[in-house]
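Take a look at this one; I'll ask things after.
Chain IDs A, B, C, D, E, F, G, H, I and J follow the sequence of writing; residue 1 opens each chain.
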Amino acid sequence: MSNIVTLPLACSKLLREKARCKLSFAQIASHIGHDEVWTAALFYGRATPTLKDIHQLADLLNLSAESLEDDFRMAGPPTREVDVSGKTDPVVYPFQEAIALYAPAIRTVIAEKLGDGAVCSAAMKVRVEKVSRAKGNDVRLVLESKHTPFQSW
Amino acid sequence: MSNIVTLPLACSKLLREKARCKLSFAQIASHIGHDEVWTAALFYGRATPTLKDIHQLADLLNLSAESLEDDFRMAGPPTREVDVSGKTDPVVYPFQEAIALYAPAIRTVIAEKLGDGAVCSAAMKVRVEKVSRAKGNDVRLVLESKHTPFQSW
Amino acid sequence: MSNIVTLPLACSKLLREKARCKLSFAQIASHIGHDEVWTAALFYGRATPTLKDIHQLADLLNLSAESLEDDFRMAGPPTREVDVSGKTDPVVYPFQEAIALYAPAIRTVIAEKLGDGAVCSAAMKVRVEKVSRAKGNDVRLVLESKHTPFQSW
Amino acid sequence: MSNIVTLPLACSKLLREKARCKLSFAQIASHIGHDEVWTAALFYGRATPTLKDIHQLADLLNLSAESLEDDFRMAGPPTREVDVSGKTDPVVYPFQEAIALYAPAIRTVIAEKLGDGAVCSAAMKVRVEKVSRAKGNDVRLVLESKHTPFQSW
Amino acid sequence: MSNIVTLPLACSKLLREKARCKLSFAQIASHIGHDEVWTAALFYGRATPTLKDIHQLADLLNLSAESLEDDFRMAGPPTREVDVSGKTDPVVYPFQEAIALYAPAIRTVIAEKLGDGAVCSAAMKVRVEKVSRAKGNDVRLVLESKHTPFQSW
Amino acid sequence: MSNIVTLPLACSKLLREKARCKLSFAQIASHIGHDEVWTAALFYGRATPTLKDIHQLADLLNLSAESLEDDFRMAGPPTREVDVSGKTDPVVYPFQEAIALYAPAIRTVIAEKLGDGAVCSAAMKVRVEKVSRAKGNDVRLVLESKHTPFQSW
Amino acid sequence: MSNIVTLPLACSKLLREKARCKLSFAQIASHIGHDEVWTAALFYGRATPTLKDIHQLADLLNLSAESLEDDFRMAGPPTREVDVSGKTDPVVYPFQEAIALYAPAIRTVIAEKLGDGAVCSAAMKVRVEKVSRAKGNDVRLVLESKHTPFQSW
Amino acid sequence: MSNIVTLPLACSKLLREKARCKLSFAQIASHIGHDEVWTAALFYGRATPTLKDIHQLADLLNLSAESLEDDFRMAGPPTREVDVSGKTDPVVYPFQEAIALYAPAIRTVIAEKLGDGAVCSAAMKVRVEKVSRAKGNDVRLVLESKHTPFQSW
Amino acid sequence: MSNIVTLPLACSKLLREKARCKLSFAQIASHIGHDEVWTAALFYGRATPTLKDIHQLADLLNLSAESLEDDFRMAGPPTREVDVSGKTDPVVYPFQEAIALYAPAIRTVIAEKLGDGAVCSAAMKVRVEKVSRAKGNDVRLVLESKHTPFQSW
Amino acid sequence: MSNIVTLPLACSKLLREKARCKLSFAQIASHIGHDEVWTAALFYGRATPTLKDIHQLADLLNLSAESLEDDFRMAGPPTREVDVSGKTDPVVYPFQEAIALYAPAIRTVIAEKLGDGAVCSAAMKVRVEKVSRAKGNDVRLVLESKHTPFQSW
């Protein structure tokens, strides 16, 4: 919760009420009919809610729908600038490291399966799954997006 | 195929014969009983084959199993140093960008689902899937690994 | 022509014959029915030709179509990794500098005109135009691509 | 609207009133007789207004022309330092990536069309256009500036 | 104590009381039944206490166990992002320098002793020992963790 | 063995003969009476052998002691410049990451145990140990060096 | 002369003959009717000669004008990418350091003298002068270029 | 005026009064008998005034000479650390770019004219001149300093 | 005095009183029986005083010895992390530049005079001397520390 | 001797003959009447010899004076670009680290002793001394150069 500070007002409000209501993202996500990661992304200022999303959240977290709506309008579209570099951490970094390690393999397999194209940022969906194994748990990260063939002109 | 140059001899041999035999990684992977991405990773010097893998590859690609075995022994264990930064490309980068964009969401959702822990590099499995949609294709990248709780001492 | 060295064989062949035949990219582009920038991108290893493109180029530049085809197959799909940073030059850099300078303006105007979305790498078309003015020439760079709305999930 | 904070006072005033009046840059631009991107650049502190621009803006946004004039004089000429590097985002970055990807092609085509010269920063004009296509929208970014031949001395 | 500022409230409370009570980490560690380095890591926001740890610390440092518990819950799981680079210092840097200097030796000796695998971040234990020698003291840093063999898939 | 290329001649000779004789560093180290890591460091050009070390190595690996001596004299003292940054790998990096993560804890515990001082680079000893546990193996890295109190002047 | 290696053939020829003929840039510059710095820039691959320049150089340095012409055509337009950073040296760096040190002063004085505009890269002329003083020599670096007012659009 | 914030008190006072009195640096410089760039550098905290300079400034700008003197004493000698890298801007950067572009030429011409030596930072004088041309204005930047021959020892 | 802000309280107190008492470091150093550079380092938070040092300073600068002692205890051991890079300045940088320029010479001469070893950080003493010459002053920087031979193990 | 490769021919000749003659820099320096560090700097391409220096070296090392003279003329003035950053090593780095650590102290003490000025690169002399102490050796690095007061203009 330490990164509330630099978030838009709408987001810090949501995170504070989530903490107060002791709700998990799984619970909130099922209430508003979205995936957990997307719901968390919304709370961290990386996604755009519809009016319906805002009203359902206001309802669940005892916030004024109207002022939450205002807060989101003031915040404008999410800033999606990222800097893929530098810091490592033991939860998210291993996935990025694996993609970097297997990059030539991934690139070639995608080219063989889908042709010479690009992967779309806007259509990317990210899902986290817990997989229970005999000797502890696995975590599965599923990333899926549109593949567009390169065009000549 | 432009990056053959800096690969160990064993790998450039494999890549050259794959090209000559016009085999896809899907075909090779099914022959040696592994996933396509792992198979491609082996060809790009990022994975360690068993003796059985080497013999099946030699068989499929008309190579001397003995000398291929020697080449792999000379190459030693794969160098797995990666540098997650700098360059962007339109196939692999969008996945890294999505992980960076949704990092706080992913980290929190994993913490809520599996507790305070770390994701294991060595057990990471990477799979590429083609998903046919009404308006073109999606590409799905599935990353799965062991999750280990942090320990005090 | 100094950067031929690190290009795939197919590309350095094309560049060498272009120089020998004293043809401009405008002339070559009109022969193969593509835009000049795309044609130049093909010669610099940043685009994928069709079989028809290869045959027309071989024809124009007195090359063996068959061996040119082989060279392109060996080169595989173009490596499109780029590093947007560091060096400045007086022809290309001013365009990147202008995009960086006006980035908040461009981002907001696009959001107002087309909504919250992403711009597609694979569908990007780049065109250079010469505009004759009373006091010398202007150069116009036109970039156009697909705009995809962000999706929740 | 999150980047108001580091802008000069004149700019944050303008952005606040624009939000309050629910005006788009298209509406404001047509009122002051400039292009949308230039108008947005002015609001984001990257351009210099004339006295007439200031008075028309004050008029449209119900601000005191006199104090807006004072605010712009205090702010002085725009700081135009940019850092073309590091962060990626899904709206502006694809254009920079395309310029970097096609840089050798763009440089050579410009040299062939206009000779050995440089592109002028000060005269650069940037325009955003929405192009409606059968399957959704395209976004077109047009950059145009003066081309000056290199001189010996 | 200069880095209290950016620590979560729970940590700055602990560090302040430690200073007030003039207790060393050795004394605190022996009270709560953990190693000194782990105990110090907890005070610097890099480890997660159990409820029992919190109560023992509150007890030893005359803090309200309840509000300390609240503070830790608000702080959430520790942020473990690190940036292994840049700055040098005369206490910690020589260990990192030695690991970098002897990296190829360490990597090969580990491969020869334990096979082709990875070292686990989450299970890493760090211990500092003072070794008295005839001509002054040695400091010994012991790092131990789980080694996991690489898996094909 | 891929990094032989940039090593001094003496080192590549040693590494080649080690491979030919199928000896592990454990076997070589026990022959010359040194630790495995130091022995591997010598083979990778990071340590200085005595004349006795050279003669024992020449003896074990069937090399001419005289020419090995010449090769080491020509190579001069090892270059010990290191760059602690950038690349991550799954064997050595987790140790550096742990030192960075626990740096404030390590620094303070060392200060409490040994006072305000510095750790000596030249006296650093590095040891790798395999620890067999019920559920697989642990790897232990032990770093030990002289601690020198800071002096005023 | 150590940087001949990476220069185009035309340039290394010129530099070699200049050394053989023991001519200074002052002598060559006066022969071809250009400034010394521009002449040196031509020899270091940073400027474009006219046909007349090439013939005068060939004449002075006993080279075949025809083959020198060919060499320059093969080299194409100069690569003018620069990287203003990193290395310091005691001759050129002090000028860059002074510009950086006095940057806010220079920027404001230019704005006060010439208005809000940009300085043109292509028209930049650079001159070195030796100024004899009572106590040794001064070196004067004169940079002059076109100043273009910023334009709205 | 936006960079007043990080300047010493003495400097922000001077800049504020300059704005209030609507004086240009040319006017102030002629009043205190210095060059414009040096005067501006003084206002931006990059130069050291004499007592006489301080008194003349206080007189011109209606400040208390005594307290201005105190402010300068508190500020101490100017911090002259610079970082020649990173950001580009369209007024100062083209000069740095030209020096970088022509660096080998400048270095060699200086060596031919003045011998093997270094340029002095402390004695560097920087002057800006406006040169009116038929088709608009040129800006001339003149840098001059002492040249000291390298000495053996 | 501009860098007081980020210093521990004890240091900013000392620097403020030094300014108020108009004492030079030479005067303070002679009072407390240390070298000037060490004394200045203490004031800038880079050295550890003894109790006797603290009392002598409190005495000289009219501070409460007791509260100064408390301030130093709260500040803990000095943070000695440094970042040898980036910025240049005309007083300290020329010494670092000279060490970098002559590094291979210095390294070899030390190896020839003292053998294969390392230089100790903790024992480093730094002294500044003014040397009056016929034509102005020289500044001499003397660095001296313990040299420890590399050890095998 | 590993860095001979990138040195000018004159330097690699000198270093090779020094090794063949088994002479130390101390011996060579005393033969040519210079300091050891300057002599080593000359061998590593960082200094300019006089004709007399060249003849004395040729004489001592059994080289042809004439061809050594030619080699030095071809090499031209030494490239003195340095990059003070990045890599650490245990012999030279501790001196740079100490200068960085004590930079504010050194800067202020120099300002108090010699006034507001700059240190001259060209006049820098570097000396290495071995100091025998009761418990081993110290190494002393002495750097001395001209100090020039900053000038207004």
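Descriptive notes on the structure:
By our rule, a residue touches a chain if its C-beta (ideal position, glycine included) is under 8 Å from a C-beta of that chain, and two chains touch if they have at least 3 such contacts.
All figures in this text were calculated on a predicted structure; none of them were measured in a lab.
A repeat of the A-C interface exists among B-E, E-F or H-I. It is B-E, with more than half of its contact pairs matching by residue number.
Interface comparison, C-H against A-B: more C-beta pairs in contact at A-B.
Distance between chain D and chain E, defined via averaged C-alpha coordinates, is recorded as 49 Å. Between chain D and chain J the centroid-to-centroid distance comes to 52 Å (mean Cα coordinates, whole Å).
Residue positions 38, 76, 80, 82-84, 86, 88-91, 93, 97, 108, 111, 117-118, 120-123, 146, 148 of chain A each touch two or more of the other chains. Considering their complex, residues 8, 74-76, 79-84, 121-122 of chain D touch chain H. Chain contact summary for the complex, chain D toward chain C: residues 3, 24-26, 36-41, 43-44, 46, 80, 82-86, 89-114, 117-121, 123-124, 126, 128, 130-131, 133, 136-148. Within the complex formed with chain G, the chain D residues making contact are 34-35, 38, 47-50, 53, 76-78, 111, 116-118, 120-123, 125, 127, 146, 148-153. By the touch criterion stated above, chain A contacts chain F in their complex at residues 88, 90, 93, 97, 135.
For chain E in complex with chain I, the residues that touch the partner chain are 1-2, 19, 86-91.
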